[in-house]
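We just call them A, B, C, D and E in the order they show up, numbering each chain from 1.
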Amino acid sequence: MTALLALEGVSRRFGGLAALDTVTLSVEAGEILGLIGPNGAGKTTLINVVTGVHPATAGRVLLQGEDITRLKPYRIARKGLARTFQIVQPFPRMSVLENVAAGAVFAGAAPSLKEGLRLSREHLAFTGLAQIADKPASTLTLAQRKRLELAKGLAMNPRFLMLDEVNAGLNSSEVDEALAMIRRIAERGVTILVIEHLMKVVVSVSTRLAVLHHGALIAVGTPREVLADRGVIEAYLGEKYAARLAGARPAEGA
Amino acid sequence: MDAPKLSVTQLQAGYGDVQVLWDVTLDVKPGEMVCIVGSNGAGKTTLMRAISALVPVSAGRIAVDGADLTGATPARMVAAGVAHVPEGRRLFGAMSVRDNLLMGAYLRPDKAGIAEDLEKVYALFPRLAERQKQDAGTLSGGEQQMCAVGRGLMARPSLLMIDELSLGLAPRMVDLLADGLRRVNAEGVAVLLVEQDVMNALELADRAFVLDRGRVTLSGPAAALADDPAIREAYMGGLAG
Amino acid sequence: QDVIKVGAPLPLTGALSPEGLKQQRGYNLWAETANAAGGIKVGGKPYKVEIVYVDYASNTPRAVQVAERLITEDKANFLFAPFGSGAAKAASGVSERYGIPTIAATASSREVYDQGYKFLFGTFTPNETLIDPLTEIVSKGDPAVKRVAILARNDLLTLSLANLMQAAAKAKGLEVVMMERYAIGTMDHASAITQMRGAKPDWVFATGYINDLILIRKQMADQGVSPKVLTMIAGPAYKEFTEATGPLAENVSSASWWHPAVRYKGVDLFGTTEAFNAAFEKKYNVVPDYAEASAAAAGAILQLAIEKAGTLDPAKVRDALAAMDLVTFYGPVKFGPTGQITSLEPPVFQIQGGKPVVVFPAAVKQADFIFGK
Amino acid sequence: MIYLQVLANGLVLGGLYAAIAVGFSLVWGVLNVINLLHGSFIVLGSYVAFFAYAYFGIHPFLSAGIAGAALFALGYVVQAGLVNRVIAAPVLITLILTFGLDLILNNAMLLAFSADYRKVNLAHPLGSLELGPIFLPGDRVAAMVLAFLLTALLYRVLRDSRIGRAIIAVRMDREAAALMGVDVKRINAITFGLGAFMAGAAGALLSIIYPISPLNSSLFLGKAFVVCVLGGLGSVPGAMVGGVALGLIESFGAYWLGPEHAITLSFSILLVLLFVRPSGILGKRGYE
Amino acid sequence: MRDWLLLLLLALACSLLPLAGDNYVLRLGTIVAMYAVLAQSWNFIGGLAGYPSFATAAFFGLGAYTSAVLLSYGAPTGLAWTAAGGMACLFAALIGGAILHLKGHYFAIASLAVGEVLREVVNTTPDLTGGGMGMNLPVPKLSVAAAAQTFYFSMLALAALTTAAAIIVQRSRLGFGLRCIQQNEDAANILGVNAYGYKTAAFCLSAVFAGMAGAIYASWVHYIEPPDVFDILLAVKPLVMVLLGGIGTVFGPIIGAFLLIAFEELVWRSFLTIHAAMLGGIIVVLVLFMPNGLLALVRSGLARLRPAGPKP
């Protein structure tokens, strides 16, 4: 069976800097792939490459075998690939509801504006934004905006959803709710890529983990294997966190 | 007893018609490290912005070293010794690291002192010394955060306010920054901290305030709060991660 | 008391405002003189003259709008056309439709009068009447003048003059070694002048507004271009030109539709040219130039036509204008079949000793044409 | 040989264009305000020089300083009193505001000075310098050198002084600059004032070259626009490079294609440049 | 539905103008209608998509000249007017491909430059357009009153048509997409909005009506010159009008056009040599003291009449 999404030797350069360096990685339908790595490792760039925001300078991106490397972002979106932005990108002077409706309408999930609005209400309820549906997006807090990103992505009715630090800025108990939500999305059959620096999220939700460092993949495997990897600890976790994690290990997958 | 470094009394503030802060009262003593805990949207950022005079205050009082500074300008607050490391870092992206740090010392006339403090910041964050010529916008997230904290220190503040110390930082970076902050505090700089990783924050701080929907609902020594089951339930989700 | 209203759309602000203000001075002098003399007698009854000025901000569409407003709202009996050929042409369509006699004081291009309009009259002769005497004088005066360079502003009047000049030069057997247009709003002529220097002309003919010509004159000096003959139209007739260029104005030749040195004995309210000059100098402290005189003449001519018609009826006044054949301080006045004046012989003049002196026609000549080395 | 003359023409013209544009570029790039008053500021500078020469015999090379100072004051007041009130509004709002202010200022100048063209006629002009086959207009070259010196001075101020750092900081992030203790409104006013200073000084220098009239303001403004976009916004060296580039383009364009096409050519090149390199020749990318 | 009703009422009310005023009033009415078209046109690209275009003058001039050239070759008026719109639209599609990837000020400048280049092109093709000498159009064989009414109703009809297009667009996917682009183009793209296509559509919409307005204008004044029909004010004024009336709204541009022309006329009548300054003063006061005042006033009034965009 072909993978849902496959990167074959993908590189992306910005001037002299190789933000992604010949990355080969595939994502199987139904999994939740965690992507971690130090700041500036190239995680966000990877999403940008897949969604066509910054097309790869070398290599290919395949969606179920079809080459989408050079497609325009809006075409990729209509193929069922949705993402959130790490630096959130709301439509500031539109209401939360309209923001979400845009996702439903333009990605092809809703045949009409009206239907888009109806669907959006459901997504808002699901993501817990229903009470603030009519607020302009510019007045939300950072965490709410991240949640809004998620709702917009969901409204696109994607096959594959890429989440770039949507849980940053949440405290631990808020993270718990968010985790439950991500799992429920996965249960609907959506394949998910999560980027997060909160180990709690990464460890508990990912079925597989990939680690980027200086644009290159340095480890791929189960969370347990990857987090025990010496290279990963040195480059990313630091000893203190490794220790904390080791203590918390039993909770994994709870 | 000394006048508190910062005292906020019965503060009310918000945006336009939306009131966010309700009768917030809080203080930071000289040399103390205090953290503010609260779920998102509680008004932590708004509180810091109100103290820095970026958000207008509709009622209440803000005093630094006993002097009333309610309704002052951001520049006055800096002059009074309050430096603010804002949410999202807000570095001057196309300026070099060094120039960013020098901007932190904008109001200071003492050239010699500035040079000295620059060396101190470099000693605290050796990475910044390596990158001093680089444009701040091209730094990685963690380096940017170091630069932002360093910039705050360059004002030679007696009170440093940091909003979201660890947001978006890799775990290893968080450790490095926390160590740095401890050292700064040990030299007598009072710190007011907002941090989502509540366990980490309570570990660092001497005292903590809990902000809930714009009101202070709880305060006390950090260690005590860290053991409070209600706090653990509400903000740590049972398990630290 | 009864008044005769004359509508005058003028460019009092914007790019053409210097011209608009000049015209206004001419009109005002006429109106004040006429009113001081008891107004205009129409069928024995005296009427006061009132000129209704409206600024059209140097914007032609506005000029058209103003013309309609003056006719319908302000109930103007007669109209003075807006400044220049383009705007006069556009606005005359309105007055034609309403049948309001309109005198254009500053429109010379044939195209303005070729439209078959019955109510439009103009006090400037066609452009070639400026060019032909000039080429005559120069080609007769110095056979060594052979090579002509033309630099023209890409605008209705200025371009038309340059085209006529090109044709006239060729007809006189002169060689046109350069013919360039420059865009409106050109801030630098150095390259054109470099090219001019390369073409080694004996005669440089430049057209433009006063600011263009001041700049061209200056930049010619900068690059050491000093032809035997330098002709510039239409700046040198104005005092500002000599003031701004100082010694560089010396020997610049030009032609215009009128010059204060001409001498006519008219039947109009000013009488002789000298009397007009004196009245103008008394009021404004300067010698009138052709635009100012033409504006005053437009008023005087209108007054004569009204008095002749003995009524304010527009059609009758129009007929009086069409039939007019007499002499004014401005010169003999007779309009051709298109409405454009045909009876004037425009003078050629040259700056000598810092002053414009007439070198043609012979009747009013003050000095001989001077050729450079 | 003739190309050397055309080249010289272009360089001299370019120097003047740079002088015209540098203040405009500063205000646009730093404050994000398209200052439509700029052209009228230049003309006002010319009048200061004109009257200083006419009544006190002060040479425009000296009165450039006076004109600059006067315009600085005017610019400071305009920004502090008016523009600052809407500085955070969308760019169209500030554009419209300066449009309205320009109508007022220009109209006032027309009433005060009339539209007549005047010119400073120096009693002792420098004449033409002949370098072999090349003629250089002495006063123009001197004015250009002065303009370059002033611009270099401005560049140093922006680069190396505390105020300069603050100006740049405000450009990048107003709020963060405020958190550094920068009085943002004052810095805005100073920046606008500096832009006006450069306009005034440029106007004084231009008074010996161009006929002076309030009607010229839109011409100057148009050139400033093109130069800014050519060179890159908000950068002093960018304005220099853009000015010289435009001077050369117009000069060679006029020579090769005829003067009537020079302006078309410059706009066409501008369009092409916008297409391939929107940030201008020296501008920084990613800056809107 | 309310929008349509309002439009109908407005159009009816305006059709009564010939009963109430003389030819000069009709001329003013024609000018207001013309600027309403231009403001409405600008609103498609400037208000909805948020691209500060100064190309209105270019479209207007192009339309005027296209129609004038066709008429001079004997084409019937209706055809010439329609072709002018088509030509402007085609031109917008072509030029849009080149400049719509620019943002903010850069787009503004590019769109301004487009008009300048067109003007110079016309200036330098005297054989076709008369160049700097301008161009004469056939004078319609109508009485003064009939001509005034004909052009008034033509312009009015065009304004109504443009407004109808605005209403349709505002409620369509296109309008929604344009609003998304205006607020955050990157985000819009990622949600599946074909931003480039939408922007081009908006640019073409803003061209077609402006081009036709230029064509009607040319027939109306029957003499055009490059400086008149490519006048930069033709690009600036619609923008001021939209800001006055309410950016991104359906009736804002119309209100703005009416208000600005009315202001101008009043000021112009009352102050001979300082009318420019007075107009400037009014603009300054509006911007400074009611930046949202007038705008918000009109808007909140409209909001009550009209549900904004896709609301339930």
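The working rule: contacts are C-beta pairs under 8 Å (C-beta built on N, C-alpha and C of every residue); 3 or more make two chains touch, one makes a residue touch a chain.
None of these values were measured; they are calculated from a predicted model.
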- Message: Need the graph distance between chain B and chain C over the touch network, please.
- Response: 2
- Co-neighbours of chain E and chain C - touch as defined: D
- Message: On a CA-centroid basis, which chain has its centre farthest from chain A's?
- Response: C
- Which chain is most remote from chain E in terms of Cα centres? B
- How many angstrom lie between the CA centroids of chain A and chain B, rounded to a whole number? 30
- Interchain centroid distance [CA atoms averaged], chain B/chain D, Å: 43
- Query: Just how far, in Å, is the C-alpha centre of chain E from the one of chain B?
  - Reply: 51
- Query: Which residues of chain E are in contact with two or more other chains?
  - Reply: 120, 123-124, 273, 276
- Note on the structure: For chain A, residue numbers touching 2 or more other chains are none
- Residues within chain C bordering two or more other chains: 13, 154, 181, 183
- Contacting chain pairs, sorted by label, are A-B, A-E, B-D, C-D, C-E, D-E
- Task: Name, in rising order, each residue of chain B that touches chain A in their complex.
- Result: 15, 18, 37, 39-41, 45, 87-88, 139-143, 164, 167-173, 175-176, 196-199, 233-241
- Query: Which residues, counting only chain C, touch chain D once they are in their complex?
  - Reply: 13-15, 17-18, 21, 151, 154, 180-183, 185-192, 194-195, 197-198, 210-211, 214-215, 218-219, 221-224, 240, 243-246
- Item | Contact footprint of chain C on chain D as seen in their complex | 2, 5-6, 9-10, 12-13, 107, 110, 114-119, 121, 128, 130, 135, 137, 140, 209-211, 213, 215-216, 219, 222-223, 250-255, 258-264
- Spell out the part of chain C that touches chain E in their complex, as residue ranges. 12-13, 53-55, 57, 59-61, 64-65, 68-69, 71-73, 86, 89-90, 93, 97-98, 111, 115, 154-156, 159-160, 181, 183-184
- chain A - residues contacting chain E, complex: 51, 53, 72-74, 77-78, 82-83, 85, 89-94, 97-98, 101-103, 105-108, 113-114, 116-117, 152, 156
